[in-house]
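Each remark here refers to the structure printed beneath this line.
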Amino acid sequence: MLFTPTVIKNLLKKPATRLYPFTVREPFPNYRGELYIDIDACIFCGTCARKCPSQCIEVDKEQGLWSCDPHACVYCGICRDTCPTKCLHMKDVHRKPMTERIMMVEKGEPPKPKKKAAEAAPKAEAEPKADDADKGESKKADAKKK
Amino acid sequence: MATTVIPFGPQHPVLPEPVHLTLKVEDEIVKEAIPALGYVHRGLEKLAEIRDYHQMIQVCERVCGICSMIHAVCYSQAIEELMEVEVPKRAEMLRVIWSELHRTHSHLLWLGLFADAFGFESLFMQFWKVRERIMDINEATTGSRVIVSVNVIGGVRADLSPEQIRWILGEIDIVEKEVRALQDTIMNDYTVKARTVGVGVLSKENAYLLGAAGPTLRGSGVAQDMRMLGYGGYSELDFEPVVETSGDCWARSTVRFRETLQSIDLVRQAIAKLPEGELAAKVKGNPPEGEVYMRVEQPRGECVYYIKGNGTKHLDRLRIRTPTFANIPPLLAMLPGCELADVPVIVLAIDPCISCTER
Amino acid sequence: MFGSFIKKSRAKSPWIMHFDCGSCNGCDIEVLACLTPLYDVERFGIINVGNPKHADVLLVTGTVNHRNKKVLKNIYDQMPEPKAVIAIGACGNTGGVFRDAYNVVGGIDKVIPVDVYVPGCPAKPEAIIDGVVVGLGKFAQKVEEAE
Amino acid sequence: MKGKVINVTTDTVVGEVMKMKNDGHRLVTFSTYQVDEDGLGILYHFDKNLETTHLRLTVKRDAPIPSVSGVYFAALLVENEIRDQWDVKFDGLVLDFNRTLYLDPEVTQVPLVSNVKIEPKK
Amino acid sequence: MSNLLFLLILLPAVAAAVCYFVRSSAVRTLTVLATGAILTAASLALLGQETQPLTVGSVLGIPSDFLIAVLDFALLGVIFMYGVKHKSLLIQGFTLAQAALLAWFELIMVKSAEVPAFAVDQISLIMVLVVSIIGSLICIFAIPYMKEHEEHLHLKKSRQPQFFFFMLLFLGAMNGLVLSNNILWLYFFFEVTTLCSFMLIGHDRTEIAIKNSVRALWMNSLGGLSFVIGMMLVYSKVGTLDISAILAGGPQGALMVTGVGFLCLAGFTKAAQVPFQSWLLGAMVAPTPVSALLHSSTMVKAGVYVVLRFAPAYSGTLLSDGVAVCGAFTFLACAALCIGQSNGKKILAYSTVSNLGLIICCAGLNTPLAITAAVLLILFHAISKSLLFLCVGTIEQAIGSRDIEDMRGLYAKFPRTATITIIGILTMLLPPFGVLMGKWMALEAGAANIYVIIMLAMGSALTMVYWARWGGLLMASREAGAAREKQAALISLPLMTLCLGAVVLSLASPWIYNSMLAPMFNAPPFALSFGSLNAATGSFAVVPLFLALGLGALYAVKAASGFRKVKIVAPYLSGSNAGEEGTYIGPMNGPVPFSAGNMYLGELFAEGKLTPVFNALAVALIVLMLGGAL
Amino acid sequence: MDTLILVIIGLVAGPVIGGLVAGLDRRVTAWFQSRQGPPIMQSFYDVAKLLGKEKMVVNQWQILCAWVYLIAAAVSVGLFFAQGDLLVIFFVQAVGAVFLVMGAMSAKSPFSQVGAQRELMQILAYEPVLILVFVGIYLVTGSFSISAVWELEQPLLAKMPLLYLALGYALTIKLRKSPFDFSTSHHGHQELVKGVLTEYSGPYLALVEIAHWYETVLILGLCALFWSTNVFWMAALLLGTYALEILVDNTMARMTWRWMLKRVWLLGMGMSVVNLIWLYAG
């Protein structure tokens, strides 16, 4: 019964319960939540894909496609930290649950084959634009909606 | 004839992790306990062959999500020793701070689960309530509550600002006060003592010979704490291993309770001695050929990493021996003869983490 | 009238069962944290029962491996209808960082149908609460469809 | 690698381990690594007052390895683990899980050795 | 009436002789069946008779009292012979002492006028019904049972003639015992049951059977000795052999009450009260019908009958309290010993002794309420307990074990037997059935005595435990389409009759009380209304309870019988179920079968440790009891 | 006729009161633990939901036993309201307890088997105490009937304080509260999973739950008898007693049945006997 003072104190004080989801407290600014990409800034270098410990990012430089499996992502932020153009960001809230598996697919403008770039990634071919744009957009919309 | 065979696990409410014990009991006295493992085995040591040595940090953190930080520290230190990287002093001290915060949250978590094991639900709630402050510190300073991902080879990825430090000091003061308020209950309450004193006794010799680790070993009177090796920033801090001598579940819980307070104190010391400087050293190239054997103290005890490099970015062999792995033989020795109702108490008293046992 | 009370009660009394299917504990302890004072899911009538026969919602954390997949299937089969499954964390969704390891089968949906995926590594308690809320919506929908 | 390393053979390993025990060492664990195609290296790690000692044993995987679980009961788990992961046999293992400690029949490869199939169960 | 009495007493003896001398199994079967039918009819007929004392003049020209005296000595002689044969000094000593005292008593002390040999009253009527009907059913059950029993033993020469000889003789002796009005006649029949029980316990002639039968014999000889002493003491004061006269006089001074005390002690030995329980336990080696006969309806009931019969002779004395405390102690002690048992027959044995203790306790409490409780307990205990003995016998022959752990899940294979056993168990421990009603009355009667009530309260809880777990473990799943259980007609008949009897008579208990028990008392303890027994101290709503619980149970049975529409799932085994029900995948990936055992509280209720303690306490209590009489 | 009306009131009010008490109990427990807790109506939601679940059993005995448990509990409450005989009420209640145990034993599950055994140990512990409490009431009122209690001038509590304390043991055991919640516990974190209730599921679990409500009402009714002279004090006594129950539940570890047997038999019986001696003497 030595626990009695503690329970009495608890009884007299307001419950410690945070009333989530009715009241949502201010998130911590550093929190590594939902990963998203500013696709326009991406240069499709593939660093994120190579560094990702979960190997859940795929970058198709030729088509200008960047995709990530948010279900396999471990929210470590390595990709964000190593992206040379800082185009990957993480929200300070978690990604919302989903009733279906989704794939984040973003379609951007593949970089023009420059000479410098060509050294690193040989023979990047010019690509007819926006063939799959619609599909990519709709999936993106789907992903964001949830 | 009146033997009851109880399949204790793999899915069992007092074992949040899947592990199995076949218990043979008579009049609820355990006569025999045979374990079955493998429900959590993933084979992650083998992942070192397909992930590079940087990525393996994130994998090693997930050997166990409770002391993730300390796994990452152990792995990083091993690679740093292999590659002869000099870690900046500030990074070492920051590692200590987060490690000790992890130990605090792990012990508070354990104390709660332990209370739950003997059916003291309110005490469980109270410990976990206190623990949330530590989780908030983790989240605010590293970006994640449990698996904090702040280690990199050569140092750390996050820093503490002066405001954060002030806030942390305030928070851990509150935590310490609230934890101390529970001391009487966990150590002296009649019903708690009735369920823990003299239960699952492990003598000093047995603990040593059976290879027990961590609080299980220290609860039996062996003063062994890997932090005394002085790795990382620990060489500059002032502390003694926490030891109890009765070797029963009460001793183990008391060791952990006192270590919680010790960890809070270590956080304070580390913050006081936090030097200015770089966060991470530059690391170039791949781990060379060679072997390294690294030991650190996790909340559950001594954790051992053995790494064999081969000059590529993939490791030749990564071998992890976690404390629970070491504590299972003592557990098997403690169970026969106890009451069925004491099984959860004794099992919890080694603070089992099956995830890291099986990897 | 009683029928509609039952229907209403379904959403107000989701008893959960947590099965750790080879998780690293990161997600597990967050599930447990949901029960504790700061999150207190009992507000929604949620009780963590340890027994599939009493459960409405199965929360699964961790990767499926060859040994625990049988257990997972077994537990799922022992739950009475209507029931829902929530896969928690990267591991439960897909196998997470471990999905390439030799003893890993993959996500929960390789073995049993999953109603809600809660991403994260680990998923925060808030995310788990969100997941249960979404799961209840799905639950009601499934019951409607069955009728 | 820090600590003293002593090389042992299958003939001397049990005796050496016994000697360590008599000297008051605590068995920490074993580590294993691949030596060549069918060679296996085992390191027995010991600890005494935070000082580490390693015994190094190199064996072929097809010959049985003497078990030290009779000397240190604690070796039981790690020997079973090695048995699972490398498909080797231990002579005199106290409780032999017979390669079921971690593995199910579905896993057909010997985990830590590339391209070796597990023999089907009798 | 006299014809009926002779039928009840002599017919079994004659039938016994037929069984013994005509060694044909068909004749035997017929004889037993016919005797059973006639006894049943005769006992029922007795119900409708005017009751008055009956004098037996002479048989074949010999004065009957003289005949009985001769037979007495002949019996003692036979018992002494067996004492010599089995080298038991105790038996020899007790019989010699008995013979000497008896000779002195009959030759020197008794200067009797003619005393009516028989008398019928409410208690003896109920006893006759119990003995004749239940006893007959048990004998009928024994026909197929013994056939199979001998097949198991591979006997060359059937020993069933002796067996049925003693079984039937026993019935006659019991009827004689309960109808006797002359104390010397009572003593004679008392001794006949001793001899019969000895023969029946040792029937199988195994070493252990002989050892146990000898133990039974010496203990009962001690009882006989005590009876003789009691008889002499009582006679020395009241000067008559007429029991009704003795009772009418009530307690008359210390010497006489001490004499009654010795009679009670004799009853204790026969009713196997602690410390004499060991003979009854040992008797369990006998074939099950013997156990059923001896321990439910006859032998042991003779013991409690004696104590109950003489209750008016010690009412209001310290002896009465002593008897109550001794009985309550036996109730508690044997219930405690029973907790530790897994042998089905031993459970029944201890529970029998325990219940007899309760009845004796009621006799000692000696209020109308308590006497009512005692009589009802005798009746309902006999029905339920004989049913259970027969069930265990049936089960033993089916599964080859009498250990209740082996009976786990019996329903899966033997649904009929299991269901009957479960019902039998329920009638032993739950309302609205008769045994519980008796217990209820006993508790209400005992509430006035603190020692008694504490022991009864604890004993009652222990009783609940050992019955409930036995009942529970019989239940199990039964696979659809499993083979039907076959039961021989002569097994079924007694089982079903007893089972039905236990239920129907419980329902009828208010009327049984009203017609048979209430007339016994000047101030009947209960008034009857709406099928409830009402008293100032409390009421038992028999019929309303039967309606509420019975209809409820029927509804439950109906709900349960619709189980095929419900999803059947395997039990929860921590998620590791293997294919077969109850089997799980355990260590090394192999299947581990289900196994469960009851808790027997070994450290608290160890038979070996407790028995000496209880025996010592009981001896002390008996000494106190007899001392209290002085 | 009056009796019949009372019985019907009892049968209807039983589960309502029992459910509300259970809901309040959970709420207050939550406050003790610094949580917000579920709505007061939660128990009703739970049971309604269970009733709407798929029917699933291991075998037909469970259906039978669950129903009989409920019926016996209801009948015992009915008898209580009919001012019946305390011992009979108790024995009828025991019918339910026995069937619950037997139903649990019918399944090939070690958890429900061991739970059933522990339930029996609980019966073993509280039954003598309860009988002695009734004997105490008998000694004070001269009858085992409840109706006699209402005729008292002075509350029972004044004459049987120790017996009331002993009754507290029985109450705690019956309510399945710490330290005696080992045959099954409210939170499923127990070595026996849900113990005796492990194999009951869906609608059958709901029946068991409703029966448990009846039992709660019965045992609270029993407590109420101890201050039969004044409605206000009766309410205060009940509130105080139940609050103390919740406090005990929240400040104690779960103990083992061995501990319980020794404790209740020595202390509970001891207190009862002392009180009884006093009553016999007085």
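Just so it is clear, A, B, C, D, E and F label the chains in written order, and each chain counts residues from 1 on its own.
Here is the rule we use: a residue touches a chain if its C-beta (ideal position, glycine included) is under 8 Å from a C-beta of that chain, and two chains touch if they have at least 3 such contacts.
What you see is a predicted model; the values in this text were computed from it and never measured.
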- Name the chain whose C-alpha centroid is farthest from the C-alpha centroid of subunit D. E
- Task: Pick the chain whose C-alpha centre of mass, unweighted, sits closest to the average of all protein C-alpha coordinates shown.
- Result: F
- Strictly by count of touching C-beta pairs, the top pair is E-F
- Which chain lies the greatest distance away from subunit A when centres are computed from Cα atoms alone? E
- Query: Distance from the CA centroid of subunit B to that of subunit E, rounded to the nearest Å?
  - Reply: 65
- Could you grab the centroid distance between subunit A and subunit E? Build each centroid from C-alpha atoms only and quote it in angstrom. 82
- Item | subunit A and subunit F, separation of their C-alpha mean positions in angstrom | 55
- Task: Can you check how far apart subunit E and subunit F are, centre to centre, with Cα atoms defining each centre and the answer in Å?
- Result: 35
- Query: Taking each residue of subunit F in turn, which ones touch at least two of the other chains?
  - Reply: 30, 32-37, 54-56, 110-111, 113-114, 117, 187-190, 193, 198-199, 250-252
- Of all residues in subunit D, the ones touching two or more other chains: 100, 102-104, 111
- What are the residues of subunit E that contact at least two other chains? 567, 569-570, 572-576, 587-589, 594-596, 598-599
- Message: If I apply the definition of touch given earlier, which pairs of chains qualify?
- Response: A-B, A-C, A-F, B-C, B-D, B-E, B-F, C-D, C-E, C-F, D-E, E-F
- Item | subunit C - residues contacting subunit D, complex | 66-67, 102-103
- What part of subunit F is in contact with subunit E in the complex they form? 54-61, 63-65, 67-68, 71-72, 75, 78-79, 84-88, 91-92, 94-95, 98, 101-114, 116-117, 120-121, 123-125, 127-128, 131-132, 135, 138-139, 142-145, 193, 198-199, 261, 265, 269, 273, 276-277, 280
- Residues of subunit F that touch subunit B when the two form their complex: 29, 32-35, 110-111, 113-114, 117, 178-179, 181-182, 185, 187-191, 193, 250-259
- Query: Where on subunit C is subunit E touching in the complex?
  - Reply: 19, 51-53, 67, 70-72, 74-75, 77-78, 80
- Parts of subunit A lying in touch with subunit F, wherever the complex brings them together: 1-4, 7, 10-11, 13, 15-17, 19
